[in-house]
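Structures follow.
Below, chain A partners chain B and then partners chain C, in two separate complexes.
Showing the complex of A and B:
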């Protein structure tokens, strides 16, 4: 049964990659024959040449590292501030009930559109990028930390009390370990949304990284280069989310 | 019925004072507002970087009194709605197709899962070369954004349909169209609605981002134009309006899904009647 599923999966993969290859081939024919303008869709061979040029001249790997580095700094900052805030919302219940709905609404709101406000306050630079990334990352972490602490079984807390644990011991030995899976769900959400926000802002504000690279090439009207850079963004996002999935699976199993 | 509810509400408010969290909320709003005004009038910042809320309200009033504003509002609404309709229709149809043809679904699944979490804004250069910097590229952006949540949610809903229902459909020799309207769609109402809610949200963001980046009309366009002319209270006013509209759209979609959820799934007759 298992091998049957695997075989079906492999067959799907082969058909998928095969149809992608056919599609690329068709695009090549359509562009060379002039059915599609080269200025709208460059021939795949042209994109490939542009990709090689990109690697020779534009340092896309450094750009990708910059993008990921900014994303991880925003997430790190969000964990450092968000977990204590989530704890405070759990500890002070009135505050938790007062702000939880607001945070949920902010999470669902189109936060990305707030960036002109930060542009005015902080200028077009790394600060705006970091604050916007942080704002995206912090909300799910605060909400899920509170949710995780609320769901700690009262029995565990009573056990801690009966051992006369101090508040600090209680936090590190009982509350955080028990809430950890839910907190990780929050971190996972923030990991997903923050990369999207950072790349989008790099592109919108031309602030370096892979997003900024796409914008630069488009500004020069280098269409094959733009396509190549977009392919790199897609590869980065696929690899990034694969790694996130792996880490999640590893955390779950351990 | 309404009178009873009203009477109960009056009695409740008479019995209990404001709940502590409500008082905290009021205090927070008041505190933030006072702090904001203090910063605005302190002169610590270059003029209007932190604009007083009064200035923003005046700017909003002026904006709403001009006819041009409604032109931009109309452009944005048109782009969002047309793009959303295209992306959502494609998402629902392909979601059903991938669910009904498992092999095809498995083939496409990898591509959709790979593209779904990628930032869609990055496709803007491609869309602008293909559809121009006007309304066309914004509609395409909204469609592309709305497509992924809809197709994922529909395909996930298809996977949960009771297989017996599908067998019943086949044993009645239902045509493909009948299968879609009589079996699939009625069972898919809730997942599709939740996909549409997410899709509308991202379509709004995608459209406005595209307008802010490069355009000649729409709410995003006027927001960034005010920014460039350093008319900050006006820029705040536009952004506040955008957020209120987005919240209203989200509220409407949530209500729609709550209603359908509470009353259970409408019968297939209702669905085909609505369509």
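Showing the complex of A and C:
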């Protein structure tokens, strides 16, 4: 069975990587033959060369660290505020029912358009990025925290009551551990959306990080370099996502 | 009678055939302009209203872009034919990388239109007091970045220069005390100068290096230019007439009405951006521009004379009155 799963996993990986290789090959042929303008899509070999130049001249790792740092700061703040807020919406049921829909609608809205307001209030720097990132991250955490607490099996609560647990003990020993997988789903969603928001703002406002790097390269009309930086952003996103998946799997197993 | 009828029908048929063949059709020019409302970039709009382009058998299809690389990329990929008032640095950079872009005229020489200001109550009375103060520019690598650096060097001061974005975003940061010295480009904020809310402490042209440098050009797709050189020439002829008209009393009134800007503000614009500064020829200060392009990594090395001769193909050189 384990061997079967491994084989299926390996097959999926081969299919995935193989498809990517075919796409890259087709792109190379299309650009080399002049079917696609290299000013729209550079040849993959040009992008690879630009990637090497990027590491030699532009310090993309520093940019990546800045972006990740900003994203983690926003998510940390969102967890610190979002989980208690989610608990409050569970604890006070009327409030929960009242605000759940509004929060869901707000989550779906293009909050990125609010950035000019925060530029005025917080200035053109880390403050704006932190607030905009927090705004993106906090909503799924609040909603999923409430959802996780609502879905705690009643039998566990009754067991806790039978042991005369205080409210605080109930929260830390039963409610949060039981709700943790759902809460973490909210954190995982917020991680993805916050990274997108931070990079988008860095690009729009030229505030350093990977978004700022993409903007600078495009501004210099370094199209292969721009694509190389975008590939780096994609790789970062994939690595980020995989780390979060692993943490979630570990939480579930423990 | 029958002969007359036949002749009339024949003439009518010939007219229809000629119309269908496009003999009387205007040449469509897909123009990329930036920041609708800016003084220099709306001149084709005013000129079109006056019929200058129609007189040259040209029909304009204007697309308003955010400027910079976006506008140049539109030309390079063939989504547009001509871009006006685009950064010289960007065009040089694109050309060096093999992009099919050519310069058909200068668009702005010097930076008189750029100015830096402080709130009316600011303790800073002149730019010589800018040492250690925060000073805005739009974004790294922009003309405001380079001009603010040139001004600091010329006046021997060391302000803390920060990217502050657009003139309106910069104004908010100045008035809320986040930065000491803001930037703008005429006609934006001229009304606030007029009302006394802000004071200009330095203009771009106060730095001699900048005064003789063509910072913006008009550019075209190279393949389009090869096939439509005559159209490009007629376009630039109509453009120059549009420029001259906009600087006239009636032109200023039209601009004032179109964009709801007070006449006293509009009349102040030529003090910052003269007609002479927008002459299509000559293109000045290329050595300095290429030096800056290398410094900002837009060029690996300065272009050769052969490259410059290929890049710069001014199609119309008007005489200044």
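In this text, the second predicted complex is superposed on the first by the 208 of 254 C-alpha atoms of A that agree within 3 Å, B and C clash if a C-alpha of one lies under 4 Å from a C-alpha of the other, contacts with A are read in each partner's own complex, and residues count from 1 in each chain.
One rule holds for everything that comes next: a contact is a pair of C-beta atoms (placed from the backbone, for glycine too) under 8 Å apart; a residue touches a chain by one contact, two chains touch by 3 or more.
Worth saying up front: this structure is predicted, and the values here are computed from it rather than measured.
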Is A:233 in contact with chain B, with chain C, with both, or with neither (first, second, both, neither)?
-> first
Touching A:116 in the superposition: chain B (first), chain C (second), both, neither?
-> both
Mind working out whether A:206 is in touch with chain B, chain C, both or neither, as first, second, both or neither?
-> second
Touch count on chain A, higher of chain B and chain C = B
Based on the superposed arrangement, let me know which partner A:39 touches: chain B (first), chain C (second), both, or neither?
-> both
Examine A:124 and indicate which partner it touches, taking first as chain B and second as chain C; both and neither are also allowed.
-> second
Look at A:222 in the shared chain and tell me whether it touches chain B only, chain C only, both, or neither; answer first, second, both or neither.
-> second
Figure out whether A:94 sits in contact with chain B (first) or chain C (second), or with both, or with neither.
-> first
After lining up the shared chain so the two structures overlap, which partner does A:9 touch, if you call chain B first and chain C second: first, second, both or neither?
-> first
For chain A, what residues appear in both contact lists, the one with chain B and the one with chain C?
-> 39-40, 116, 119-120, 218, 223
Of all residues in chain B, those that touch chain A in their complex = 20-22, 24-25, 28, 49-50, 103, 106-111, 114-115, 117-119, 121-126, 128-130, 201, 204-205, 208-209, 212-213, 220, 223-224, 227, 232, 235-236, 239, 242-243, 246-247, 250
The residues of chain C that touch chain A in their complex are 68-69, 72-73, 76-77, 90, 93-94, 97, 99, 139-141, 162-165, 169, 172-173, 176, 178, 296-298
In the complex, chain A residues that touch chain C | 37, 39-40, 57, 116, 119-120, 123-124, 205-206, 216, 218-223
Interface with chain B, chain A side, in the complex: residues 8-9, 11-13, 15-16, 19-20, 39-41, 94-95, 97-99, 102, 105, 108-110, 112-114, 116-117, 119-121, 192, 195-197, 199-200, 203-204, 211, 214-215, 217-218, 223, 226-227, 230, 233-234, 237-238, 241
